[in-house]
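These are the structures in question, set out in turn.
In what follows, chain A forms one complex with chain B and a second complex with chain C.
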Partner chain A sequence: MDVVYFIELAVNGALVGLMYALVALGIVLVFKSSGVANLAQGALAMVGAYVVWWLGSATGAPLWAVIPLGVIAMFFFGRGLERVALRRMVGQPVIMIIMLTLGLEILLRGLAPALWGTLLKRMDIGISQQPLFLGDILVNRAYLVGGAVALVLIALSLLFFNSRQGVVLRAVSDDQIAAWAVGIRVERAISLSWGFAGIAATAAGVLWGSVQGIDWTLSLLLIKALAVAILGGLDSIAGVLVAGIAVGVLESVIPGYVDPLVGGGTRDVVASAVILLTILVRPFGLFGREQIERI
Partner chain B sequence: MLSLNNVEVVYDRVFLAIKGVSLEVPEGGMVALLGANGAGKSTTLKTISGLLKPERGEVTRGEVWFKGQNIAGLPAPERVRLGIAHVLEGRRVFEHLTPDENLVAATSMHRDRRRIGALKEMVYDYFPRLKERRSVKAGYLSGGEQQMLAIGRALMTEPKLLMLDEPSLGLAPYLVEEIFGIIQRLHRDGVGILLVEQNAAAALDVVTDAYLIENGRVVMSGKAEALKQNPDIQEFYLGGSGKKDYHAVKHYRRRKRWLA
Partner chain C sequence: MFYRLAGVRHTSYAADRALWPVPVDRWQIRALLALAVGAPFLLPDLYLTSYLLPWLVWSTAALGLNLLMGWAGQIHLGYAAVMAIGAYGAIHAVRLGIPFELALLGSGLLSAAIGLVFGFAALRVKGLYLAISTLAMQYLVDWIISHVPAISGGSQATLQAPAFRFLGVPVAGDWSRYYVALAVCVLVTSFLLNVGRTSFGRALAAVREKDFAAAVIGVNAFYFKLMAFWCSSFLGGVSGAVLAFCYYRAVTPEQFNLDVSIQAVAMVIVGGMGSVIGSYLGAALVLLAPIVLNNLVGAFARAAALPLHQEVLSHIPLILYGVLIVGFLLFEPLGLAKVYANIRNYFLVWPFRHARH
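Coming up: the complex of A and B.
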């Protein structure tokens, strides 16, 4: 067994995993503050990438310069989704809300290519294509940048949830009626979390877009993100980090060894297997909060 | 300070939960709302705090005045900012947050950090036991501690009117005494109290005025002392008056007469 090959797979896998974690972060942020499973996150990432690309091509400015604009736009897009669609659903059964987010995902998947065209768009955000060698290990620069951005955003989210506003959001996810009763503007809090989901989605969409180009398939990141979010425990940000790396490494190492034997295609199986196994073995994930039962 | 004027509440557009309730809590007063299960006590409190909407309830008639303002149309968080705090039935603390964070979560209306610190100290002064357990998840606190936390959390909003829904529910007698002691202390410190209780005996001992509500209507009201002497209240809410000679009991038991 070639150790360098293994490490190379693992390192690149971990970096990719961090980028998955970035998409999953949006799911966790929303779940942590409103208890809603956000299945529109894949499409949000895709829309984020489209918006940044569109801003770039419309203004002619370099892409890295319009990314902040795109992030701001997507912050408000996320809040808008909440305002238009989800706020009407307060008090409805959870399954209805999940179906609604899934519907949004499908709608956006269709709508974005319809608006901006179905051709694959190249997105060059200025990351050099030169190979980068760390010792003997070949590392993809785009992944390295992506992993770093993901780490920063995850760290910021961790900090945020320990701040006063973050405590308020956690309170909302615990008990919305009690939150109302102590003066928390619940709607505003939930809307804020969707705004953050929009930001995380844009970052992820742009990074992935720079790797694989932009078309509707970007929204398939949803599956990977779900695997990460479920494995990490739907409401744990630290869980997103660990699970992201775990899923990324598994997804890179397993195909690295198994693909030559079976003829390829195991990569996509890994994420699904992770979802299934987690739900069967440990439904609340690695770091998810347990149901508190006092005896 | 607070007055309800002939308020009618309908759930789901069909179920009439309270039918023309009028009541008044004077500035700094201490008032109890008594009644059996399902009489409409909690609905009355939710009408005041604005929490009917999540349960698909609606005020269809009447007015709710607080400090000279009709608040019937205000959303719940705005009413909290006016000074109405509602301690919900069943405590409803934020279980996955620590007591400290529970208190912080209730401060979204305050800008000043020092003010928040001072309020927290005040709450811990009322409830020293919470301070000892300030970093345990609130879900693991005992029932009494959770009730204290729920009250403390409401105090963080600096209420002028504190509404408590069954604070004695499921607590040991000595804890009930402790909680009622604290409610009396809050009242002495100038907070208006509206207390909902099934435990009429305990409630009538601490309040100055009381309303008796039944089937969504206020059927009796007055000074606590006077109500305690009322034979109907004694019979139906205070567990009878002394011993009864069961040989002398007539077949037709005395009925509640106030609805006649």
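Coming up: the complex of A and C.
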């Protein structure tokens, strides 16, 4: 048991996990406000990355100008999705709404590569490839930046929930009908949460796009994000943070030790295993509210 | 006028409860069956093997999934994994020398057993969690199949389906494979046509509508949800085995990935949840529409001299599934079955617009 190896895996895993948490943040925000499981979040992240890349390559503008533009565009894209598709489904059985978000995911996953091309797109956001040593530990710079951005965004959204608009969102997530009764515009709040989901997705898409390139595989982040969201509790932002780190560490440490034994590829199933175990043992997650209807 | 309802008066409960109380429907079914049996004589082999056969097999699979989604109101995003278990189970069983009929049953039982394990985990919670855990099941089963050489024969391997006999007749040519698929499809269809008339089907419907209410009238919701999972997984396993033996004639892990699960779900939603004919229509639309649309767009691009990339064409199926799912959920949540029912209801009383029926 090599301690340095273990710590290196754990630290890099934790940073990757924070970047997963960024995707999961969108799922949690939407679930908190409207009780809808947003299975389109992976595709949203992919679209966000594509949009930023496209804005950059079409205008030739530097990235610091393009990313805010992309964030704004995706904010309205998220709101648009809610307005056009999700709002019509209010009051329908939950199975229908889940299928609708899944349908959106598939649609976007087909549409984005068809529009912008399937070839892997490189996006350089100016992170040097130099190895970074903290003591004896080799840390991936891209992960470090990604983890930091994720931390900031999650902290911001925690802060946001203490603002006036955030209190409105909290009221909506508590009880939609009661919120309605005291004059809160519930539709607007839900639409806003979709907009935030779009923002989180863009940030995640850009970070992941700079790490692994932009193509449709970015939408596969969905399953990792779901694992994070479920483990943390679907309606807890703090849970996203903790669960993100946990999933990231597990995903990095387990393959590090198990892969040599089984011949590789364990990384892909850690998320699925986390989902199943969480649902078996503690379906409401680490920090979620215990209001799951059991049968 | 077309349905000639005048004079159709049922004098016994049995007649009134018949599957098709209207004589025209009975004739339609007989005609369809005759067409299905005679299809090898009527159609060129190419159409038989590349359109009709997959349609039948996928309709069987869609019916199995529809039992869970439409009749029991549960969701399953890992149906392709269930089918994969059936396909691999059957192929390994036949390779070990077990007769095909038994292997078919065995593959169904294997799928049902594994599906039940996941269902047991998933059904403790509802809706959303069920969706996510079946999604996790898809990934897990995919991974296990492709990483355990004893199952898949090594990574990237293809397992050929061995030669087999069905009811004592060697199944070798296109025709005999078609008839095997047809037989299974007819069996499954008749099961689903009748399931709504059994206590089991009624219990499922009660659970689907409201599980508390079902529990109040003495229906054990958990038990019946598990049973729905069991039955649906069984049918999925059998149809996966038929798909592997009669259509692909080989099996690789990629044939049963997540996209296939989504395709199956699309069939059920597009066709109409809880409808037998809907499963057929949905399977047809989901299978055929990408081919037709690809050809149409390709032809259009050539005619208009548009420089359309192969990339765009290759993404049309995915876009189409998405559009179909979203569009039907938003605009016709009951699917093609409802469209068919509307047309039928119109012609039931034609030339009048409204009539007691």
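Some notes on this structure:
The rule is short, and it goes like this: the second predicted complex is superposed on the first by the 290 of 295 C-alpha atoms of A that agree within 3 Å, B and C clash if a C-alpha of one lies under 4 Å from a C-alpha of the other, contacts with A are read in each partner's own complex, and residues count from 1 in each chain.
Everything that follows uses one rule, which is that a residue touches a chain if its C-beta (ideal position, glycine included) is under 8 Å from a C-beta of that chain, and two chains touch if they have at least 3 such contacts.
Every value quoted in this text rests on a predicted model; they were computed, and no experiment measured them.
With both complexes superposed, C is the one of chain B and chain C in contact with more chain A residues. Of the two partner chains placed by superposition, only chain C is touched by A:226; chain B is not. Of the two partner chains, chain B is the only one that A:176 touches; chain C does not reach it.
Of the two partner chains placed by superposition, A:57 touches none, neither chain B nor chain C. When the two structures are aligned on the shared chain, A:212 is found in touch with neither chain B nor chain C. Contacts of A:273 after superposition: chain C is touched, whereas chain B is not reached. 292, 294 are the residues of chain A that lie in the contact sets of both chain B and chain C, per the superposition on chain A. The residues of chain A lying in touch with chain B in their complex are 90-91, 164, 167-168, 170-171, 174-186, 289, 292, 294. By the touch criterion given at the top, residues 37, 39, 85, 88-89, 92-96, 98-100, 102-111, 113-114, 117-118, 223, 226, 230, 234, 262-263, 265, 268-269, 271-273, 275-276, 279-280, 283, 292-295 of chain A touch chain C in their complex. Remark: chain B residues 49-51, 54-56, 76-77, 80-81, 85-88, 92-97, 101-102, 104-109, 137, 139-140, 142, 153-154, 156-157 touch chain A in the complex.
The part of chain C that touches chain A in the complex is made up of residues 69, 73-75, 77, 118, 121-129, 131-133, 135-137, 139-140, 143, 146-147, 211, 221-222, 225, 262, 265-266, 269, 309, 311-312, 314-326, 329-330, 333.
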